[in-house]
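Two complexes follow with chain A in common, the first pairing it with chain B and the second with chain C.
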Partner chain A sequence: MVAKMFKNVLTRRSLLGSGAAVAGSAAAAAILPRKAFAQDKVVKIGFLAPLTGPVAAWGKPGLDGCLIWGEWINAAGGINIGGEAHAVEFVAYDNEYDPAKARTGATKLIREDGVKFIMMLGGDTWPGAQPVADRTGMLFSTLLPSDLSPDTTTLIAPCEVHPIYNVTGVEWLADNMPELKTAVMCAQDDALGLPSVATYLAAFEAAGIEMQDDPLLFDPATTDFAPVVTRLISGNPDIVCLDTCYADYVHPICEQLFQQGYGGQVISCTADFYQQIVAKTSEEFMEGFVFQFPDFDDPALNDESINFQMPNEFYAAYASRYGADQWGAVSWEYASIMDLWKAGAEKAGSAEPDAVLAAMKEGGTGLHAFGEADWWGKDLFGIDNALVGNWPIVVIEGGKATIKEFRSIPEWYAKHGELLKKHMSAYGQMWDQRT
Partner chain B sequence: MAKFAALFGFGAILLALPHALSFSQQEILVFLTINVLLVASYRLLTLTGEWSLGHVVIMGVGAYASALLSKRLGIYVPVAMLLGAVTAAMIALALSFPLFRMKGFYFLIGSFAAGEIIRLLWKRFRDPFGGPKGLKKIDPMPDFDIGIYAFDFFEPVSYYYFALAVVGVSLWVMWRIERSPVGLTFHAVHWQDRLAEASGVNVRAYRTLAFVLASGFAGLSGALLAHYIGTINPNSFDVEQMVFVLTWTIVGGTATFYGPILGCVVLTVLNEIVLREAGFEQMRPLIYGLILILSVLFMPKGLESLVRGAFSGRNARKNKAGETKAME
Partner chain C sequence: MVELLAQTGLNALYAASYTALVAVGLVLIFGVMGVINFAHGELFMLGAYAIVAVYADWNLPYLVAVAVGMAFVGTVGLGMERAFFRPLRDNPLGGLVASIGFLMILQALVSMGFGVRMEHVPPVTQEVIVITERVRLPVFRLAVILAAVVLLAGLWAFLKKTRFGWALRASAQDPEAAALQGISINQTARIAMFIGAALAGVAGALTAPLISVNPHMGHSVIVTAFIVIIVGGIGSLEGAVIVAVAYAFVHTFVTTFFDGVIADIVGLLLLLIVLIVKPTGLFGSTDRA
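Moving on, here comes the complex of A and B:
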């Protein structure tokens, strides 16, 4: 960790990265419409996520991505709000994935820094910030729509509809590898793991893949995964599903699968820093590994239906500044949320939270990173505050993540929604079951 | 008289303190006040020589009990907080039967195991504990008006005053316990347990008493926390939090009543305010760890040794001046 910190402070790579960022900014300035803005017009955006600790992998890379996004937007003239150009500035607060610190951070960002919008990872930390959101009316975003409920009216999930998109990976697997008939699953027993378990169970059932055993739930404090993996593969399953395990679990589980000689299919929600897993195992072992988060240098993202601005250039700037092996699931997600917020603020002519929210949700559709999508969720979350559309299925080929296809989440849900509700209910994950 | 004036002055500073702070610092002040009670209760336990790794889980027992009593049974929040403290004390009493068959290192490991069992129960039983997600929308402390001040407990200043009153009374009770014959017996059990036993002291009963009392106060601190942030989950009371309590205690020192409190205050201000404000947000674990290592290396008797050194130096100078005057 210490090495990583120093690595991120000043290295040859970071110096080269600065050069790439400047080049990226220049490219953005050339491509995006340019408007002059007075130096004093600044709109502040809060970033309230874990930047240190075990969940930092889903916060820190997102902040890094936002900084690139902000530089590009500012170089291109800023955000046009009510006819005036505003520079964007990110104010970060490390909540360490602790609800008490999330409350403190939300208070600071709103009452001291004057931010107009706050991006969070969500999960355990949202209930800490929720009273502050209720009291101030501040617009928040989460990556985890299981935070949504009918009374979270100022909370939106505009990018990642975790864990519902996981159904697309299983569906793709079933369509392309019909010989795979049995699966096992393991997950950490926490707020992130359980809704994902319910989703994968629904997806496997919908795909006609039999679960060999109940999902193996391990304690988040687990450090030795040898017995977990031994038990997992004891029935020689066709598929091992790693659910939404944190990066700190995915890596050692993959190592154990490799060391214990597993040769079947592996599917996971994420494979953050997968290059490190390839290095620890082998290219052959990781070949065909299915997950849900692409590298943004993928040519498939240049399709005209993709709404994320200049994804390949964004990835290049990120990789050169922080290292390609530091690219993770959330590196682009918070930046993608900013694209939606920017469009909403420009449309509303105001940065005020209620005006931006109304503009974002106008017409019931929005421009999600992977194409046009619907504001959805009443069935599962009790409120239509999740933006749902297509999601990519990513496969590791030759040691590199490759998008195989985009699939529609709403189409899957239209066919198998009842299955998902059944499993979500069984795990107590429906909004009206939350205590 | 001078002591009374100093105490009055210190009280006035504590009352005025939140008004000199920013909003986020006021929030930190609330959590700091609650943690002062937690760490002071931990010292009460260590008086008998036993160090536990389950103290934060016991804090969680108070938090869960108070939250459930107010949420499920509609019990008035301040009463629920007291019942939460009593529940934590009762759980500690039940745990004391297996745990005090052990001593020292074995007690330490046993307390860790007992704490983990409790945490796993919270995770396993979604009803009533909410499973891994824990409990949300815990009833807040009800607002009230006393004429000169309207308490709105969403606001950190109001909650700080409430917590300060609760923690102040609790610290006074703990102080009195330590100064009483019971407290002196705790010390005897720690330093001369064989001799104490030979003198007719029921060593195990006194260890149990210290464990139960400390757990009651820890449970109260948990209840204060739960009704302020409105949410708790098993991870809020995991071993990582326990490491913080141990760190505050070790860095502060355990020889005096104020040692662990000093450790808690200094390290919290350093970690949550100084390092964040200085722009070292993401480097905090590194710098915090470095400071810990340095303080253990160069201040093995804790921060309290600095205070004691300063006071003994002042007293020595005073005595010397007195002697000189007498000689003249």
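Moving on, here comes the complex of A and C:
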């Protein structure tokens, strides 16, 4: 433990709890370009996400991945903007998933650090940053397209179209295991849980899978999941759906499912640090667990349609630096957004937000990490600022996450879009229902 | 339905056990020292991290880790008494503010030492007592229930049968009169703080393998503990135990038969009703311990 504390203090402390200045300095120090760049040829990118607190698992691993991405890009000559090579430097600000801190952080990153692009997790923190985006015209990205609305013209969701991609997992289950006829679902009652509930309800209805009960919502402060699981499996459902529960919930829920003797199918949006779930349950129990986020050492990611640079090597570098068990859903996502931003900046010959945005969206298509994709979303979000294409279905086999297939989100939506809109409306999740 | 009721009852017993440990510790500290210890949830968190360090990282036996956690958190409690609560004895608001500050310090220290992500604690045992196909009691949950019963019974015996226990109760009833009888207020405060903190620590240590261990895990525990001690009557140990059991049963059954959000609303409604009908709490009286 002493060694662990020592290691954490030396390598993580500055990025965990010591605030933006220390975090930004550490990040900058970590990615000083090996190639010599002119002093003024540095483009700064803001990273405004939770690095501490309960939601840190969807921020901090993303920054870790970006640091590797930045090192690689700088070592390879940087970003070519207008014919000149620019080093990339990440400036981090820990918003602790707090809207007020997100607003402060956005202002600081723009005014003091001079960043050209800000990546966020979004969700509860976007309303804090939105006035800053409106005032400055800064280009922001979010992982949660439910932040999008017709008013958010400088906000893009270029990587994760949460929670819409969850439909692909349900569709895959229905096609491959037609004997599964009934499902139940639980979710935390928050901005991440509810749109996901609506999406899963639409996906189950489209697949002809009957919901045994209304989704069971729980308080995000819940620690003991035995009552939730007892209720979930009381009707002996074929499928238990864990919606978009945080890792802090997925782990104890799976452990309870195991201890209470559930032997059916489990599907979840994420299974971050799933090796720990396997350790707490059993390989047999976790066999066939379906979720949506692959490990990047998966050979399927070497397909030429994949637009993430050297995914297997990226995973190896990440695992070597931070530990394979620290790989999470967002470890690659922010880095993949940087791929898009880099391509946009190089195409535009400028790092200015409006020029990069125009270059990114030119032609209405873009290169998503999992293949070519369309700028989409007017139906659901009131604006075509979400980049949507294929998404992987991941299944745990022999204790290891394995990509089974990529499925098209737009194709599903073309067939079942009305269902999705119906359930989104029922849960007040359409853009014109959000306050 | 009978099986569902039985399983829910077992779930509620487990919830009652650790809730009672945390709440009784909080009541003891308030009863003797008159301080609302907002850092009590973080003492629970420290107990869980003792398991992470000693059991998960050092691979020492789980029971050793629980003992270390209990002693360590009790010692932290002693430090809090000496550093914050004793200098601020005549200023209850100051003690409360100090405890809020200290909880943030503890969260930051743990974040720096262990990181912000949840920690993996290997299961102590995966054995399950299968009563029927639908009614199961994991052996580890049973152990937590039994441990809580033993600890609370031990505390009761300590308070009722020993001189230190009498001194604690006397200090809680009337500190000035107790001092006039030669009881050291400082010593009783130390004992109360050590026991109260150790109870929170052992609750965290016992439940660590079953819950998500992270630096912010104390928050939800302290909210529940406050509901319990307010409804039970601030300062009443018996009230804390009885209401912890009752609250755990109500919350667990409402979660199972309705949902967790409604369960929280019901818990807060009970709090409101008790505050309106009997502001001193169901078991509140001048005899605080």
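Keep in mind that, in the parts below, the second predicted complex is superposed on the first by the 396 of 435 C-alpha atoms of A that agree within 3 Å, B and C clash if a C-alpha of one lies under 4 Å from a C-alpha of the other, contacts with A are read in each partner's own complex, and residues count from 1 in each chain.
Criterion: contacts are C-beta pairs under 8 Å (C-beta built on N, C-alpha and C of every residue); 3 or more make two chains touch, one makes a residue touch a chain.
Predicted, not measured: the structure shown is a model, and the values here were computed from it.
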item	value
Side-by-side fit of chain B and chain C on chain A, or clash	clash
Which of chain B and chain C A:Ala221 touches, first, second, both or neither	both
When both partners are placed on the shared chain, which of chain B and chain C touches more of chain A	C
Chain B versus chain C as contact partner of A:Gly128, first or second or both or neither	first
Partner chain(s) touched by A:Asp189 [first = chain B, second = chain C, both, neither]	both
Which superposed partner A:Thr52 touches (first chain B, second chain C, both, neither)	both
Touched partner set for A:Arg434, first chain B, second chain C, both or neither	first
Touched partner set for A:Lys108, first chain B, second chain C, both or neither	first
Chain B versus chain C as contact partner of A:Lys60, first or second or both or neither	both
Which superposed partner A:Arg231 touches (first chain B, second chain C, both, neither)	second
Stretch of chain B penetrating chain C in the combined three-chain arrangement, among 59-67, 95-103 or 311-319	95-103
Common interface residues of chain A - those touching chain B in one complex and chain C in the other	1, 5, 51-53, 60, 189, 219, 221
Chain B to chain A touching residues, read off their complex	22-24, 27-28, 31, 120, 123, 126-128, 130-137, 140, 154, 156, 225, 229-233, 235-236, 238-239, 272, 276, 281-286
Chain A partner contacts - residues on chain C that touch it in the complex	4, 7-8, 11-12, 14-15, 52-54, 57-58, 108, 111-118, 120, 122-123, 126, 128, 130, 133-134, 136, 138, 141, 207, 210-212, 214-217, 219-221, 223, 251-253, 255-257, 259-261, 263-264
In the complex with chain C, residue positions of chain A that touch it	1, 4-5, 8-9, 12-13, 16-17, 51-54, 56-57, 60, 189, 216-219, 221-224, 226-228, 230-231, 234, 247-249, 251-252, 255, 258-261, 273, 276, 279-280, 282, 325-326
Chain B-facing residues of chain A, complex	1-2, 5, 51-53, 60, 92-94, 97-100, 103-105, 107-108, 111-112, 124, 127-128, 130-131, 135, 189-191, 193-194, 219-221, 428, 434-435
